[in-house]
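Each of the next two complexes has chain A plus one other chain: chain B in the first, chain C in the second.
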Partner chain A sequence: MITIDFDELTEGGRVHNLTGRDLGRRAREQLNLEELDKSDDEVRILVPDHIYLITPSFFIGMFAASVSLQGSLDKFFQKYKFESEPSVLRQVHDAAKRVLSVANKGASAPF
Partner chain B sequence: MDTICYDIGPYLLLGVMRQHMIPNCDGGIISQGLSKVLQAVQLDRLFDMATVKHFDGDVFPFPLKTGARESTDETHFGVTTKQRAVDQFVRALEGWLAKLELGISPDGRGHIGEIIGEAIDNAERHSGGTSGEGRWWMAGFMTTRYKANGAATYHCHFGLLSLGCSIADSILLAPDEIRKQVVGYTQKHKSKNLSEGTLAATYALQDGITRQPPGGVGMMSLLDMVSVLGKTDKGVKASVAIVSGDACILAREPYIQPSLELSDARTLWFNESNSESEKPSEDFVKTLPYNFPGTLVTLRFQIDPDHLKRLVRGSKRKHDNN
Partner chain C sequence: MLPTKVLQRRFKIGTFFVVGWFLLSPVFAFPNGVAADVRGPTQFANLDERIKQLETKVQSRHNWIYVTGCVAVLGLILSIINFRLARSDRRSDKKIKSFETLYEAALQSSLERLEACGSELRTAAEFAEPKERSEKVKEIWVNDFIPGHTALTGHLRNLDESSNVSGNSWAACADNPFDALAKSIDVLLDVERKPAEVAIATETFACSLRELGEAIRTEIIHYKILLN
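After this line comes the complex of A and B, so read on.
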């Protein structure tokens, strides 16, 4: 299993939120999610307790393509296992649902 | 001359404009109440105002923050100005509520942070157009005012300004299916008093209407937050003003709380039946005689501690019953 620690994205707790589509996109590139999406590996996402917020735009920038590729919430969360505070987990679930509802409508989404 | 600050938005805008004006004018008169607020939120720096010592501490500021869309080709993650601003805003609001012996749950903290974070993200990405800088400024404060009987009331103000594209300019860059909806609405309701730009901005406020789907829930979430936090039967009613392009949209009672449709999308059409097929009320949606190059969102609401305590008790009961 591969582990991604979101603490890195906050430079060890200098901020307590992950906000913005650009930051999400940058994280996706830096962490090679494109490659991870294609692999059979499961990915453990560690969200430290000091992070209280992952915004939908950050999630979309980082994971929208992964959610669309997996095609369902179950499959996405089987591959990407988030370990976080319950409130943050709810934010992640809501954002993933939103991505999927747009993907299912077949909208031309410029993720 | 305003004796107190009724709205932070115009001062934010004037402060930013002043940076680009030839300094031909100097001096002027300002009330003590207003000077105290501008100093507390650090807008006095933009006005080059003389510092006056104020002794009463009844202004709790969220000082001026500014930032812009940051380069996306960096090789390290870096912490952005936007992330710092979100944390600072959430801390400020927590501090304001703590003074009234109210707290925020982890979900509440996340919800408020999300609304502000998404608002700044929109300001950066949308006002900057497809390649622009997307610069923004924001500031706010809570102040205590006293009634004749000595009872304290608590008033919150917040403004977010971005320069560049307006909401109408930006939404017309949306994918075809969204753009068609916007154009359909503007063609149906345009009139001598309501321009296509004003109607496009009104349409863009609704859930799911965004230049870059999925998303587009920020403005309805902001209105939801203000209408919940600012609900009171006995004081100043909450209001949100949005000035963008030639649109001036004022959300206040009875048109401030979005309603949830069957499709899970919230809407606010500024008419009695909250219907997309009817034109918005011209008392709330207006076309300005000029074009503002950007977007100013400014809000004010009174915190009624009794209302919020009732709300918390109600949601705890609901949670326990579930």
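After this line comes the complex of A and C, so read on.
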């Protein structure tokens, strides 16, 4: 199992809210999610307690392609296992649902 | 495409013309009454002239029947279209009512809740002591604002799921202002920030909250227009 620690994205604990699609895309590149999507490995994602918020746009920038590739919430969360506060987990679930909801309506570039 | 109500009005006017034709055209076509017109006078001075006269009348009656037939078909088409428009209008009224009951009230109340939290947050941001400011802002942000925003985006997502607008996300309207809000909160939480930075972040927060409110309210109007 591969582990990703979101603490890497917090500038040493100064950032408490992960925001913005661009930042999400950069994190995707930085953490090489493209390759992880293709592999069969499960990915453990650690979200430290000092992250209070993952905005939908950040999640979309970082994980939209992964969610679309997996095709369902169950498959996505089987592969990417988030370890975080319940409130952050709910934000992640909501954003993932949004990705699928829009993608299922046939948008070429969802959201 | 013209709105349904305008189309309906036009088709109603058309229908009135058709009905008017049926009521008034016989009066002009047969001013002496139908029977009198066919029967005519019983004494003939000139038979040929009378035959010609009758032929002309028969021809004009054929014309009248032909035009009236066309008008009847047109009237039937207009009535069907008018009926269908009225039905779609009733359906869109129902959709608007269900949108108002299910989503609009929920969106408005979530937004009002966020705006109330926002003013508390602004007050907290004005604390002079950085540690106190950071703690107070954190408390409101984590306990009130974020759950409020989660509820709001939940309502928007429900709207996404129930709407048939392809490739569109109602929730997306809240993304940019909310990102700006969250960024400004990071500054307010940081105890090492200078007072000027804190002042700018507080102002940015207030502006972004206003933008968020405007974005949601605009989307509510936009959605209602689409339903209509």
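Please note the rule applied: the second predicted complex is superposed on the first by the 109 of 111 C-alpha atoms of A that agree within 3 Å, B and C clash if a C-alpha of one lies under 4 Å from a C-alpha of the other, contacts with A are read in each partner's own complex, and residues count from 1 in each chain.
Note that in this section a contact is a pair of C-beta atoms (placed from the backbone, for glycine too) under 8 Å apart; a residue touches a chain by one contact, two chains touch by 3 or more.
For clarity, every value in this text was computed on a predicted model and none was experimentally measured.
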Report clash or fit for the pair chain B and chain C bound to chain A in the combined superposed model. clash
Going by the touch definition up top, name the partner, chain B or chain C, that contacts more of chain A. B
Counting only touches as set out at the top, which of chain B and chain C does A:9 meet: first, second, both, neither? first
Touched partner set for A:68, first chain B, second chain C, both or neither: neither
Between chain B (first) and chain C (second), which does A:30 come into contact with in this model arrangement: first, second, both, or neither? first
Could you tell me if A:17 is touching chain B, chain C, both of them or neither one (first, second, both, neither)? both
Quick check on the output: what are the common chain A residues between the chain B footprint and the chain C footprint? 14-17, 19-21, 52-53, 55-57, 87, 90-91, 98, 101-102, 107-110
Where on chain C is chain A touching in the complex? 138, 141-142, 146-147, 150, 153-154, 157, 160-161, 164-169, 171-172, 175-176, 178-179, 182-183, 185-186, 189-190
Any idea which chain B residues touch chain A in the complex? 69-70, 72, 74-80, 82-84, 86-87, 90, 105-107, 109-110, 113-114, 117-118, 120-121, 124-125, 175-177, 212-215, 217
Which stretch or stretches of chain A touch chain C in the complex? 14-17, 19-21, 52-53, 55-58, 87, 90-91, 94, 97-98, 101-102, 105-111
Of chain A, residues touching chain B in the complex: 8-11, 14-23, 25-27, 30, 52-53, 55-57, 60, 64, 85-88, 90-91, 98-99, 101-102, 107-110
